[in-house]
Amino acid sequence: METDTATERSKLAQAAASEHLTPDDRIALLRTMLLMRGVEARAMVLYRQGKVPGSFYDGFGQEAVSVGAAFAMAAEDRLCVLHRDLGAHLVRGVPVERVFAQYMGREGGVTRGRDGNVHFGDKDLGCVGMVSMLPDMMLVATGMAMAFKLRGERRCAITWFGDGSTSRGDFHEAMNWAGVQRLPVVFVLENNQFAYSTPIEQQFAVEPSKRAAAYGFPGVPVDGNDVEAMFEAVRVARERALAGGGPTLIEAKTMRMHGHAAHDDMRYVPKELLEQWRRRDPIDRQVARVRELGVDVEALRALVDEEVEAGVEAALAMPMPDPATAREGVFAEVAEPLGDGLAPWSGFGPDREDDR
Amino acid sequence: METDTATERSKLAQAAASEHLTPDDRIALLRTMLLMRGVEARAMVLYRQGKVPGSFYDGFGQEAVSVGAAFAMAAEDRLCVLHRDLGAHLVRGVPVERVFAQYMGREGGVTRGRDGNVHFGDKDLGCVGMVSMLPDMMLVATGMAMAFKLRGERRCAITWFGDGSTSRGDFHEAMNWAGVQRLPVVFVLENNQFAYSTPIEQQFAVEPSKRAAAYGFPGVPVDGNDVEAMFEAVRVARERALAGGGPTLIEAKTMRMHGHAAHDDMRYVPKELLEQWRRRDPIDRQVARVRELGVDVEALRALVDEEVEAGVEAALAMPMPDPATAREGVFAEVAEPLGDGLAPWSGFGPDREDDR
Amino acid sequence: MSTMTYLQAISDGLREEMRADERVLLMGEDVGVFGGAFKVTDGFIEEFGADRVMDTPLAESAIVGTAVGAAVVGLRPVCEMQFADFVACGFDQLVNVAGKMHYRQGLAVPITVRLPTGGGFSGGPFHSQNPEAWFMHAPGLKVVAPSTAEDAKGLLIAAIRDPNPVVFCEHKHLYRRVKGDVPAGAYETPFGARVAREGDDLAVIAYGAMVHTALEATANLDGATVRVLDLRSLVPLDEEAILETVRRCSKVVVVDEANATCAAGAQVAALIAEKGFEDLDGPVVRVSTPDVPIAFSPPLEQALLPSVDRIKEACRELLAY
Amino acid sequence: MSTMTYLQAISDGLREEMRADERVLLMGEDVGVFGGAFKVTDGFIEEFGADRVMDTPLAESAIVGTAVGAAVVGLRPVCEMQFADFVACGFDQLVNVAGKMHYRQGLAVPITVRLPTGGGFSGGPFHSQNPEAWFMHAPGLKVVAPSTAEDAKGLLIAAIRDPNPVVFCEHKHLYRRVKGDVPAGAYETPFGARVAREGDDLAVIAYGAMVHTALEATANLDGATVRVLDLRSLVPLDEEAILETVRRCSKVVVVDEANATCAAGAQVAALIAEKGFEDLDGPVVRVSTPDVPIAFSPPLEQALLPSVDRIKEACRELLAY
């Protein structure tokens, strides 16, 4: 990891990493990252208060990865969202109160209390919630892309997964299948240096972005703590996918700044490593950029805080699920495919070029 | 595939592909290949006569891959042998009659009629028999290598698997594990152009030997129809493994000259492709070399034929298993690790340099 | 209506449904150009094209996992495992991704996974398994296992149309041995049991290939009339038909080709022991394969699989009880 | 003899056996530096080194498959699945490679696979499963499931010493809730049932966490004396102890935390219906989790898992039968 001097950082802050972002887009990126951080920080408090059952995982320090990537997706695209990617849910339009309700196992949560905390995806917003088994969702995303290609649709699928997850067979089966069939799918490898306590040296001998070559498609290392760089890399990958160019592996280099889950004090992570990465905080970086645009970031923060608090309150007012319904819903009566979600990027607005 | 002119072939025939082979070694390689071909041809007849139950798979045209590779293994090395690799069993010392008895499901077969035709491995000769699920044995071989490394032993494990098998997750998990832990294991990818009816273009987008780079170890393409080249590549890989250099992936380029199994007429294989490969027959090539040494190859063939016929007769005289024993042996009473097998290469003889 | 084999009926069902519904696509190893290891999809690639009859890489987890992905965006994938045994390699995607999706998220996963099951032809330990009980023990999956050509077609069409993941167990040993009249066109066979033969003195409950073994074993049983119940569907299990059979016959033999412990037959017996106890007039007798891998060599294999003789003997003993 | 938790007893057993037998090594995700997700191997890497307490890549198939390889060349690997649920990702290696090896080739595979099982703490659909029945239905695997600290240690040591693959189900909900006197040093608990409490009016048969729920539910049941049989081992299943219990009590409730269909409890009930029929004085009643993924939210989860109240009610009804 390179050390950033203060000047370098300021330069970086000024420059937009993508020419495709309007000032409003850049503000939206910051706003969503702030929202993600705010929601997760608040959820951790709720967890400590015993209001979030089970365990709790967050994406502190990795906000740019899900926010930037999801921002590049169109409404008709489809997402398999992972456990540190709250930003993707927020981009797609899941209201904060439903997120809190989800964490707390309430009836108003996205899974209505059926699945736990970070395992969710709103089927009406184009998202499939993850299963715990990592990285099973890579195959689901690959299958969605396969369907798009078979039907000749200009759509794309995206999924996230961690460095540890690359060791499992399903990583290979998905990468290989997508490569052989040149499918419109974007694989975002969230390299946050650790899988639980296991450092990346014990997961792979070769930088994972280089592995894409073994499957016949590009592997792109990206600064995962730069939300605009993430956006830009995924935007390009999506265009490539839509043009029939096949999949892209994007390796978002980032750092898990908290423990694996709420119970983990991360003793195994060297302090200096955390310190280094703290100086590369993705929100600080975007704050600097947005300030350059003349935006009152403190006011933005205040709005976000309000939204978080309102969400908590609304969620706390929601009932727990009715135990009498516990056995219902194992089987479907009808099959309804996934619906669309938001596509907040201005490039998808009414006067965009028709690039999809 | 390059076309070999007659002159090229004769040149090739003269040159030993490895300086580590004595004339006796080179004859032994030929003899074992002839034996493999003879046994399998005879077994196919037995199959057609209804004496081999189930199905039958052979390695016609691929004899060099298992014979050359297994020949480079020491007695204390360990092998996971696949379905087209009869040569490896023969190198390790499985008598021909036990092979026929195995095919015919007789009590005297290696699995005593418990497992089918090509699924076997003589535990007293350092071999583990494959399961059908491909390529599960890559992980077993990796685990053996792991044990060798943990105990600080100078030994190595080897396994074979096909082009189709590279698509499965277990390929990746084994390659990755072996690469991260730098284990003494040799992976022999038997690229015979097809997996059942599926051509290699539908299995991978990138030449598989190139994939080793993604795991941090060498991938070596080898002419899989040259038994001495196979020997040499595996010999080098083994030395590398013993010296702590980690795994090697050897891609043996060859051709499945028969159908997937006895029932398959291979209509899906272009005639010209078969014709091209027929001209590169591994036995023809080694015959030419051994002739140059002044050996009477026809006499050798006659001896091999005799051994095959004697083996069939002996096997036919063996009883079928006693049905009263069908339920026995599901669980072990004691755990006895694998024993050694033959190490016929003269480099392993009493006056070899101590290279293991 | 025409006479066809069990295998032809499966092909026919697939073909009808692919003609009727363009969302249906087939995925599997060698299902395209080769027409499938058992030729179930012979000629399909010519009629429907390589996009809808997809030769996949050798990767079962990928077959199931991508099918789930395709299903949630509107397709109706039918996956073929080349042999049922290989489903162990796609197990996780089936039980954890496909099976639990609707309960967790309300998202339907309309996939069908075809499993050529069963032994009896020296397939050995890896080409003879009957893994249905694993999936009965995984919530969210339906499991069906036809024994006749007519049901094979009707249950397959019903499976494809079902909005849930359905494990379709087609018994290899029936492929060419069983023939029957099969209605033309598309029709659905409901996921419930059928009475394969009426009778009052004793009942044999079975499914798949064992229905035929049971019918043969009890065709002429010292004058006793033996009811044979063909379960057809294992999830949902037709509890009412099972209990009705107990009420009617009071004596029950449950036959199962799978390894005995925790098999479908164990579930049926447990159900009867709990809910049919009062109607029982003797122990619930089980005939099944012992907990042994299916051996390759014919004398061993025959000693393991339930045979006509073993069923006969069990019936006679129970009748004499 | 000292008092320790179920979790400490498992650690103790592992430690004793690693000290006694240098062939024993541990493999799993985060078992080394972190000491395991549940801290079962806390401090082990310091005592035994990283070679014998191996932090593996995130790859369950590899964990099981390489363990098989290490075992057949003489080691005694003990694999930890971080949660039992993840064994679905190593399923094929376990059932097809490890389980069938000895029958096919006479080659022993002495591995132990530790599965932290069970629900009750809002783990949700992927951290609460009880998958033991899958492995009971896979020939060649032994399956044990201790309920007490003493048995946890003794069964674990016996599992490691067993020349066969053993699936060791350790119930997470017992880890810190159950304490007991545990003998010092290495000892083996045989793979058979034990009577957790004597009684004559009724029997409850259970294993793992459900033994405690059963004991609590029947501690004070309107004056009835209730025998509680703790199976401890599911493969081999102690048929004699089960049948003896039926003979003694004539009324049986079988309790199972796993999803009901084809569960261990179904096997027990089927066994009783066949071989204990004459001793029965009422239906074989089952209490188990319905065929539903284990929900995350506490009210839902509590509605699914067998509770003290549900067992009590089942016992009362059966007593009144």
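A, B, C and D label the chains in the order they appear, each numbered from 1.
By our rule, a residue touches a chain if its C-beta (ideal position, glycine included) is under 8 Å from a C-beta of that chain, and two chains touch if they have at least 3 such contacts.
On a predicted model such as this, the values are computed, not experimentally measured, just so you know.
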item: Of all other chains, the one whose Cα centre sits farthest from chain C; value: A
item: Separation of mean Cα positions, chain D and chain A [Å, integer]; value: 37
item: Between chain C and chain D, centroid-to-centroid distance (C-alpha), Å; value: 30
item: Chain centre separation in whole Å, for chain C relative to chain A (CA means); value: 41
item: Distance between the centres, which are taken as Cα means, of chain B and chain A, whole angstrom; value: 46
item: Numbers and ranges of chain A residues touching at least 2 other chains; value: 111, 114-115, 119, 131-133, 167-170, 173, 176-177, 180, 202-204, 330
item: Junction residues of chain D, two or more chains touched; value: 56-57, 59, 61-62, 85, 88-89, 92, 96, 100, 103-104, 125-126, 139-140, 291-293, 295
item: Chain-level touch network, classified as line, ring, star, complete or other; value: complete
item: Complex interface listing, chain D residues touching chain A; value: 29-30, 33-34, 37, 55-62, 82-83, 85-86, 88-89, 121-127, 290-293, 295-304
item: Of chain D, residues touching chain C in the complex; value: 85, 88-89, 91-92, 95-96, 99-100, 103-104, 125-126, 133-134, 136-140, 235, 237, 258-259, 261-267, 269-270, 272-275, 277-278, 280, 282-286, 291-293, 295
item: In the complex with chain C, residue positions of chain B that touch it; value: 53-54, 105-106, 111, 113-117, 119, 131-134, 164-165, 167-170, 195-198, 202-204, 268, 320-327, 330
item: Touch list for chain D against partner chain B, complex; value: 25, 51-52, 56-57, 59, 61-62, 64-75, 77, 92-93, 96-97, 100-110, 139-140, 142, 163-164
item: Chain A residues within the chain B interface of the complex; value: 167-173, 176-177, 179-180, 201-206, 210-211, 213-217
